[in-house]
Amino acid sequence: MAERVLMKGNEALAEAAIQAGCRNFFGYPITPQTELAAYMAKRMPKIGGTYLQAESEVAAINMVLGAASTGVRVMTSSSSPGISLKTEGISYMAGSDLPALIINVQRGGPGLGGIQPSQADYWQATRAPGHGDLHVLVFAPSSVQEMVDLVSHAYDTADKYRMPAMILADGMLGQMMEPVVIGQEEEKELPEKEWAANGHEFKRDHNIINSLYLQAQDLERLVKERFERYEVIKQNEAMCENYMVDDAEYVIVSYGATSRICKAAVREAREQGIKAGLIRPITLWPFPTEDIIKSIPNAKKYLCVEMSMGQMIDDVKLALNGARECDFFGHTGGIIPTPEEVLSEIKKMAGGEK
Amino acid sequence: MVVFEKPKALTDAQTHYCPGCTHGIIHRLVAECMDELSLEGKAVGVAPVGCSVMAYDYFGCDMIQAPHGRAPAVATGVKRAKPDAFVFTYQGDGDLAAIGTAETVHAATRGENITIIFVNNAIYGMTGGQMAPTSLPNQITQTTPYGRDVNTAGYPIRVCEMLSTLDGVAYAERVAVDCVKNVNKAKKAIKKAFQTQIDKKGLSIIEVVSSCPTNWGLSPNDALQWLRDNMLPYYPLGVYKDKTGEEVK
Amino acid sequence: MKDLNAILAGFGGQGILFMGKVIAYSGLIDEKEVSWLPSYGPEMRGGTANCSVCISDDPICSPLVINPNVLIAMNLPSLDKFINDVQPGGIVIIDSTLVPKKVERDDVTVVYIPATEMAEKNSLKGLANIILIGKLMQMTNFCSMEVMEKTIQKVVPPRKQHLVEPNMKAIKLGAEF
C-alpha cells in the first residue's frame, strides 16, 4: 500500500494528475495556486513530461486546447482572476468537445480581490465558465485526500463525456497540508481517442477540432446533442456526501473547505439535541439536486453556508422548488466561517420553531 | 501526361474565398510543400479566426480551429504533446499581429519548433475591411475612413523585422504572391520553413504579402498593382533571419 | 490535552512554518489526524509568518485555528497579535530572548524560554524553533520522544541526515528547560 504522507493540497493535486497520466501542464503564476505549478516544474522533466510557463493564462488555456486536441491528458491551474482569463479557451474546448482538467484554487474577488480563500467563483464555474450554452464538470473537494481522489475521477469523467472538467478548490485547501495517500504509479490504460488531431497517417479521414458552425441549424443540432449528453451526466454523475441527513430537521448545505466547518457545527448541534444535518455537494455541476429533494420530508428549514455572498444557494433553492425555506450565512474571501458562527445560525433556525 | 493537378494535401472542398483573393494560392503552396516533404500524414494544422478560419476544411491533414490570435499557443500545446507531429499555423494579420501578438512573440522567443504561415493583406477581411495592425499609413479602411492617421492609430507593425530580433526564431522570410516569380519564391520559402521544423531548428515564419481586392475596393489585377506600389515599399521582401545553418542545440 | 490546536508565529526566516511541519509530521507518524495551514502571500516576504497546526484523533474540521490552545510566539508583534485569541487554560510559549514583554493574562499558562540564546550557547544556531518544540512536548506530551526522533529523521532531507543529531539535541534542551 502506498504511504501516508503530508502534502499541501496544491502539490497533491499535481502529483495526482501525474498519477492519472497527465504529462502536459501549462500554467501561469498566481497566488494561491503557485505550488502546483512549481511541483509540476520539478517533476515533469524527470518523467518526460512537459511543464511550460505560458505568457498568460489566455495562452496557457490555449496550449491546453492544443494538447487536448491531440488526445493526451493535460492540465492547467490558476486562481480566480486567472480563471476569468481562461474562460475564452474553456468555451472553445467545450464547443470542440475536448476533455481537459482545469484547477481553480479560488481567492477573493471581484477584480484583484484578495489572495485569501474564497468560494465566490461558484457562479462562474457552474453558470458561465465561458460564453455560450455550455457546462463543464465541476468537482468540489473538501480535503487534500479528496482533491487527490477527484483528480483521476475528473479525468476519467472528462474523457468519458468529452468535455472539460474543473476542480473548484480554494486557498485553504490549496495551501494546507494533510495526510494523504496517493496511489502507486502504474501505467494506466487510457481510452483510445479516435477523434484526436494527431496526424492521420493516411489511415483515416482527417480529424477536425472545431467549434465553428456557420449554419445555424448545424450549430443548434450540435448544441442540442451536447445538452442531451449533459442530461445523462445529470442523471449519473452527481456526487454528494450526506452527513446525518436522514432524520435532519435543519439541513446545512455547504461545499469545499466551508463544509468542514459546517460538519463541526452539525456535530455540536446534535450534541445539544438539535437534529441538524449536512448535505455536501461534491459535484457542483451536475448539482446533486436529488439529494436535496430526498431530504425535504423531514426537513423544516435549510441553511446554505458559503465563503461568498451566496451563490450555491440558487441551486439549493431551485432544488427545493419552494418546498422549504433556505437561509444563507457566509463571509467573503479570507474570512472563514467558524463552527461557533454556524452553530449559532443553526440554533437561530431551531429556536424559530415552536 | 498530367501537367497540373490539385495537391494531395488539399481536400476537394470548394473554398469560400473571394474572386482574386490570394489565400487560394497560399493554400496551394502550403499543400504542395506538404506533399513534397511527405508531411500530411503527421501534420496538424491550426486555423485562425479571420478569412482563413475555414482552412480546416481545405487542408487534408488533421486540423484544429483556434480562438482568435491563439494559434501559436494552440500549436505549442500540440507540439509539446506530440513532438513528432508536424505543426503549422495559418494566420492573418489581425489574428497574428493584433489580438495574438503575445502568443506570437512568446512562441517565437521560446523557439517552438513550429511553422507560422502569416498572410499579411493589411486589412481585416472577414469582418468587412477594418484597419489591421499592418494597414499602411493613410490607408482607407472602414474604421479609418479618412486614412490611417499614425498620430491617432499608430504605425503598422513589421512582423518579420520584429520577430527576427528574437533568438528563438530560426527562419523568417517575407514573400509576396503577386506574380509568378514571387509565387515560386514563396513556395521555396515555405518549403525551407517546413524543412527548418523537420530539422528541429526552432520557429519558422513566412510572411506572405497578399491582396484583398474586395475590401481594398479594387479589381484583382489593380489590387496586385496596389500591393506592389504600396505594400512592398513598406514591407520589403527578403530573408530576415536564417539560423538554419547553425547546429541544433 | 486531547486535541492540539496551535498557532506558531514569528518573523519570516525563523523557521516558523518548519516548526509547524515538524509538529504535524509527528502527528502523522502517531497515526493521528493532522493539518497544517500557513499564512501566505505578501505577509511571507520578510514580515511575520504564522501557521496553524492541528492534531486530533477525529477528522479536523477547521485547519485554520482561530482560538488556539497553544501559542508559540517568536517575536513581539506575533504575541500581541494572538495573545487575546488563546483559549482560557491554554499554553503560551514565548522565546524570551526576542520578546521582552510579560503576558498580562492570568488565565493561561505562560512559559518564557530564551530559546534563541540557548541555541546560540549550545552551537545550535537556527534551531531555536526546535528547542521550542521540545518545550511544547514536555508541557503537553503531544508526542513521545521516540516519535519525535522518527519525525526529525523524516523531515530532515536524506542528504542532510547529519542534522538529525543537533535537531534532537535541540528537542531535548527544550524538553529539559
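The chains carry the letters A, B and C, assigned in the order they are written, with residues numbered from 1 in each.
The criterion applied here is as follows: a contact is a pair of C-beta atoms (placed from the backbone, for glycine too) under 8 Å apart; a residue touches a chain by one contact, two chains touch by 3 or more.
Please read all numbers here as calculations on a predicted model, not as lab measurements.
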Central chain of the complex, centres being mean CA coordinates: A
Longest centre-to-centre distance from chain C, chain (CA-based): B
Chain centre separation in whole Å, for chain B relative to chain A (CA means): 39
Inter-chain centre distance, chain B versus chain C - centres from mean C-alpha coordinates, in Å: 62
Mean-CA-position distance for chain C and chain A (Å): 34
Contacts with 2+ other chains: residues of chain C: none
Interfacial residue positions of chain C with respect to chain A in the complex: 21, 24-25, 28, 33-38, 40-42, 59-64, 66
Touch list for chain B against partner chain A, complex: 11, 40-44, 46, 53-54, 56-57, 59-67, 70, 73-82, 84-86, 102-103, 105-106
Residue numbers on chain A that touch chain B, as the complex places them: 23-24, 26, 50, 52, 54-56, 58-60, 62-70, 72, 74, 88-89, 92, 96, 196-202, 206-212
Residues of chain A touching chain C in the complex: 4-6, 31-32, 115-116, 171-172, 175-179, 260-261, 263-264, 336, 338-339
